[in-house]
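Both of the next two complexes hold chain A, though its partner changes from chain B to chain C.
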Partner chain A sequence: MTETLTGIDMSVRTPEDRFRARKVSTEVEARPLSAALPPPGRLNPAARKAYYFYLMAPAIALLAFISLYPFFWLIVMAFQKGDMGAVEWVGFKNFTDLASDDRFLSGWVLLFRYSTMCLFLQVSIGVLLAVVVNGSRYERFLVTALLMPMMMAPAVAGLLWLFLYNGTFGWYHWIFHSLGLLGSGSILSSAKTAMYAIVLVDVWQWTPLITLIALAGLKRVPRDQIEANMVDGASPFRNFFAIVLPNLYPVLLIAVLLRFMDNFRFIDHILVLTGGGPANATKILPVYLFEVAFKFFDLGRGAAIALVLLVVTIILGKILVGVFDRPTAGGR
Partner chain B sequence: MATVTIRNVWKYYGQTPAVKDLNVTCPDGSFVSILGPSGCGKSSTMRMIAGLEHISAGDILFDSQRINDLAPKDRDVAMVFENYALYPHKTVFENIANPLRLRGTSDATIKERVTGAARLLEIAHLLERRPHELSGGQKQRVAIGRAIVREPKLFLFDEPIAHLDAKLRAHMRGEIKHLQRNLGTTMIYVTHDQLEALSMADFIAVMHDGELQQWGTPSEIFNKPVNAWVAGFVGEPAMNFLTCDLKRRGDDVVLSHRNFDIPLLPGQVRQLNGAAQAGVARMGVRPDAMTVSMTRPSEAAIEGEIFVNELLGGDMLVEVQLADSRIRVKTTPEFEGKPGETCYLTVNRDKWHVFDAGDGHAYF
Partner chain C sequence: MASRDVVHYNTPLQRVLSVLSVVFVIFYLIWTLLPFVIMFVSSFKDLLEAFKLPAVGDWAGVGVFFEFTPTLKHYQTLFSENNFSRYMLNSLIAAGGSAVISVIFGSLAAYSLSRVDFRGKSDLFFWIISTRMAPVVAVMVPLFAIFRSLDLVGTLPGLILAYTTFNLPFAIWILKGFFDNVPYGIEEAQMVDGATRFQAFRSILPLVAPGIGAFIVLCILFAWNDFLFAAIIGSGGAKTLPVATRELVQPQNIQWGAIMAAGVVTTAPMMLLGLVIRKYLVTGLTMGAVKE
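Up next, the complex of A and B:
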């Protein structure tokens, strides 16, 4: 009922619906509002504002404990040198050192390559799958089937693919080898193919998320716009790019934002599959960060890398929102 | 420009028929209105013509070309949607230019045609705006602009002015009719508003429950409805219906009711054709085919009691209580009767109708 009330014209399609909506709203208007509601303000006395603070205090405290405290501690650590025992302040040295760290710089390059490939493949395949699945007779079944990879713990997915890529009994290894696409080595042990292998795993696991989000977006693309464009003379192909895609931008923004940030954080697959090798070919920045902080226990340097990564993530996120927001700005 | 022939067309949604064996021919250059209540199949019919809906059975022809299997883009029709269906991310100019762009028209021609259409619709000053910055009436003009910017074979208008306010609606009725006359393109106009159909169309196809009830000019639809349903649907205020007995009295046939006995005119007796010379029938009289007075004008007048008076500006509508029902009659605002008083109704027998009590078809 609330939906009919607040529903915009778009959702009201047939004349019956319009009639229904009008009828419902008349009933509501006819209700004696002024008599039923207490006078405004009585429920919301300004004097008791502290009350709301007390209500929120436990949540704030918890948040501070699990999130804010570590964050500030990270900032402090980034300006310190030392392992678990002795600690000394080193100012910006951790940061300036990064500029001459080859692994750090190549980590960025690899991260961008990895993330770009993942995003491109996931968005294009994801949207394509959503279009195919949308309105299909087997939509429910297909969605359930598609979601399965997403339900798997990333580390488990990594293990699964480790077996599939295995140089002795791996299925993919066998296929690619039979096709002559592979040299003598295995997929993961060749610097040329390892990166593509981990991209494939990420695409396999996370494309369904894009499909799901795009599918939800497709459901709300206004049908009359598609039909108007068809009558105007558009082929289904042009229709997709002229009407469907622009209407998908807002939801795709969310999908891309989610995936891009995940790519900057989640390294489960890589740790399980290659651990950054071979010869650092898959050592994207977060993997390097993990190594520095938790293998070499150079916590100050690790904290500095983490901070830089965080800042870049935020900036890129902002840019992304700006780019995607433009075509539909004020569109609805 | 095309003659549109709809031949034995059926539309099924699953097992439910929405359009049943429809046969209509829209002459080249005419303004045809498909009129009916919601769910009567009129929109399905239009969507089948546009190619947005599969034709379950039968053929649709533009001139002599069967278009059943053509994609919408190849049918060369232009459609205006009920919700305007403008592209929100495009400017008004690009919205109107869209059909031309999709056909690869040159930029110069597009500019010329779009500005021409915009000037015709008086929206030339809005071309740089986006749809969300427009009022309902302006959006509707843009939607029409998109339809007229190229020269299609056929215009399809699906309740285009249903969402406008009453005043603007009246204005747009005239504009659309004028536009169609000037362009000379065949137009099919779907509406549930009988006033729109009567005031604009050259021909009206009245539909009910997926079936064509009547095809005719507005005056034929209004004055010679083929059945009680059409008679009741068309006309505002609606026609009065009274269930009466048909009795033979000498050479005359009399319409008999608890409040009156009125003989049919001689010609009308012939039109009964012996079918229902005795038995039950339904009398139909439009509110303006009767007069009401406070004094008995003749023996044949119907006696009743005034239930309520409604002043409609230039007219007065009097609701009169008879023995078993109420009927409404139109009179002038000077009428002096008060509710509760006795009044007398005189029926203009040239303008009344008698319908079969069973299937409701009209005898006259």
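Up next, the complex of A and C:
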């Protein structure tokens, strides 16, 4: 089927095109211009919009049921107290309570501290790795090896690291201890170090994603610019900061925003490794929400926290989609 | 290519850099792969052997790691005592079910979204994608309340539906990109030849089939690796592998051997799938924003 199409330029649709003059006198007619596509409207009427809406309807309806409907429920729940069946309207009390809730506020602080540490390490290590791996003889092998951590379920990764961090038989604990970085206590048991332990796991699992994204970006850095710069006598460092990094910036922005939102989305590592402890040192906001809603089953308060969290995510998402749509981002 | 011939750096700085970068890559590879090696090897060790460590600071004693007699008993307990074959089936049904539903509904929606223009389309699109980005815990609060009233908590259909909350928007978003790349002219030509609109749609499916296949796999991957939905919505009747693995951690008795074995069982299939769809992985994990 495709073979019959290769010769025909599908963009030739308007009447003017059909009667265009030859551009060059030697141009050979591979097909008679008179045999172009029929004008739209007669044999091939533009699709009725309704047809497409019918195709769309099942997915939209399903999505509405599992996303829009719950969202309205969430709003309703946020103004209620108590469980299903025995609910009581409490107005804005759930929200005003949050303002004086220390864990809610510290949850935000911890969330941003956690995200900042993760992102800083992931981006700096990830980009460095991408630059080194790019064009290497072993690139294919290295990239495949890098993919491995991302394929692992975060909860399982958490359990694996729980084993590695264990104060009596964990190999990583032994390594840290032998290097003198750590005392005999496990890294997870101290409120001071628990956050770093979790950041390390996140860095282990997701730095490769940044590397892959950066690699895709590096392939698109215009070679002529680098060459021109090198001809002008720039050092490799100068080359990197003046040419490569600015060209990499749009994809990196996407990577950072994606990872930032994932830090909101996934709390599997933390739930498995520390459960928010010790002494709430790792109780970032989503973990706190999990505890309120599914440990204490205070769904009203949970809904209020969830709503605030959702609003912030939607704002972040709006920014992200804006970046996606920017032509320089290499997206669609 | 040409530049290599024209400008050839071979300064001492360059040589130091290349040595440093080799060291860096080797170090990073060890850091990335060591946990897997430890998990894999420990799953074949008896517990006492798995707990053996050299003295602190005794770097020469690392060889202790390889002193063991391989045993399969952890895998045996997993499947005989802990019912893991059942959980594996649950994982498979939940992940596969939501992937198939998402891709069928998603491809229809993605196709029509790619072919038609209407007012508010970008808003519809933003709604779809924000569903995917919403924090799982926040989504789960109302979903749990609704599912409880519908008796869907703890059932596989409930879990499939829960996974669809993130897989369907993902499928629509990515597949739209695929359909955008297929020229409308192909369908037009089909219709000129007498095909109906739906036949024309079917005729372009082979062009996007590789992409659709890869994204079924990606949807399976996301659902298989999920922990939160499975822990809350699937709790009880529809336990999946990550949740079952987590439950091997008991306050008095952490069955480390079984956990390592369960980790291997949970991770290995996804790694194989990941290698199969390697080409689409970056596009998928960045939601289509970055293409390799």
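Assume the second predicted complex is superposed on the first by the 268 of 332 C-alpha atoms of A that agree within 3 Å, B and C clash if a C-alpha of one lies under 4 Å from a C-alpha of the other, contacts with A are read in each partner's own complex, and residues count from 1 in each chain.
Simple rule for what comes next: a residue touches a chain if its C-beta (ideal position, glycine included) is under 8 Å from a C-beta of that chain, and two chains touch if they have at least 3 such contacts.
Keep in mind the model is a prediction, meaning the values are calculated, not measured.
Student: With both structures fitted on chain A, tell me whether chain B or chain C touches more of chain A's residues.
Tutor: Of chain B and chain C, C contacts more residues of chain A.
Student: First (chain B), second (chain C), both or neither: which does A:Ile243 touch?
Tutor: first
Student: Looking at A:Ile213, would you say it contacts chain B, chain C, both, or neither? Reply first, second, both or neither.
Tutor: Touch status of A:Ile213: second partner only.
Student: Look at A:Gly135 in the shared chain and tell me whether it touches chain B only, chain C only, both, or neither; answer first, second, both or neither.
Tutor: A:Gly135: touches no partner chain.
Student: Where does A:Met150 make contact in the superposed view: on chain B (first), on chain C (second), on both, or on neither?
Tutor: second
Student: Classify the contacts of A:Gln225 with the two partner chains as first (chain B alone), second (chain C alone), both, or neither.
Tutor: First partner only, chain B.
Student: Is A:Gly322 contacted by the first partner chain B, the second partner chain C, both or neither?
Tutor: A:Gly322 sits against neither chain B nor chain C.
Student: For A:Ser235, is the partner it touches chain B (first), chain C (second), both, or none of the two (neither)?
Tutor: both
Student: Output the chain A positions appearing in both contact lists, the one against chain B and the one against chain C.
Tutor: 10, 227, 230-231, 235, 330-332
Student: Spell out the residues on chain B that touch chain A in their complex, using ranges where they run on.
Tutor: 37-39, 43, 50-52, 71-73, 75, 77-79, 81-83, 85-89, 98-99, 102-103, 130, 132, 146, 156, 159, 162-163, 192
Student: Can you name the residues of chain A that touch chain B in the complex?
Tutor: 9-10, 13-16, 18-19, 222, 224-225, 227-235, 238, 242-243, 246, 327-328, 330-332
Student: Inside the complex, what are the residues of chain C that reach chain A?
Tutor: 2-3, 6-7, 9, 13-14, 17, 21, 24-25, 28-29, 31-36, 38-39, 42, 50-54, 56-59, 65, 101, 105-106, 108-109, 111-113, 115-116, 118, 124, 126-131, 133-146, 148-149, 161-162, 164-165, 168-169, 172, 177, 180, 183-186, 188-192, 197, 201, 203, 221, 224-228, 232, 241-243, 245-246, 249, 256, 259-260, 262-263, 266-267, 270-271, 273-275, 278, 281-282, 285-292
Student: Flag every residue of chain A that touches chain C in the complex, lowest number first.
Tutor: 1-2, 4-5, 8, 10-11, 37-38, 43-44, 47, 49, 51-53, 55-56, 58-60, 62-63, 66-71, 73-74, 77, 84, 125, 128-129, 132-133, 136, 142, 144-156, 159-164, 168-169, 171, 174, 177-178, 204, 208-209, 212-213, 215-217, 219, 223, 226-227, 230-231, 235-236, 251, 254-255, 258, 261, 264-268, 271-272, 286, 289-290, 293-294, 299, 302-303, 305-307, 309-310, 313-314, 316-318, 320-321, 323-324, 329-332
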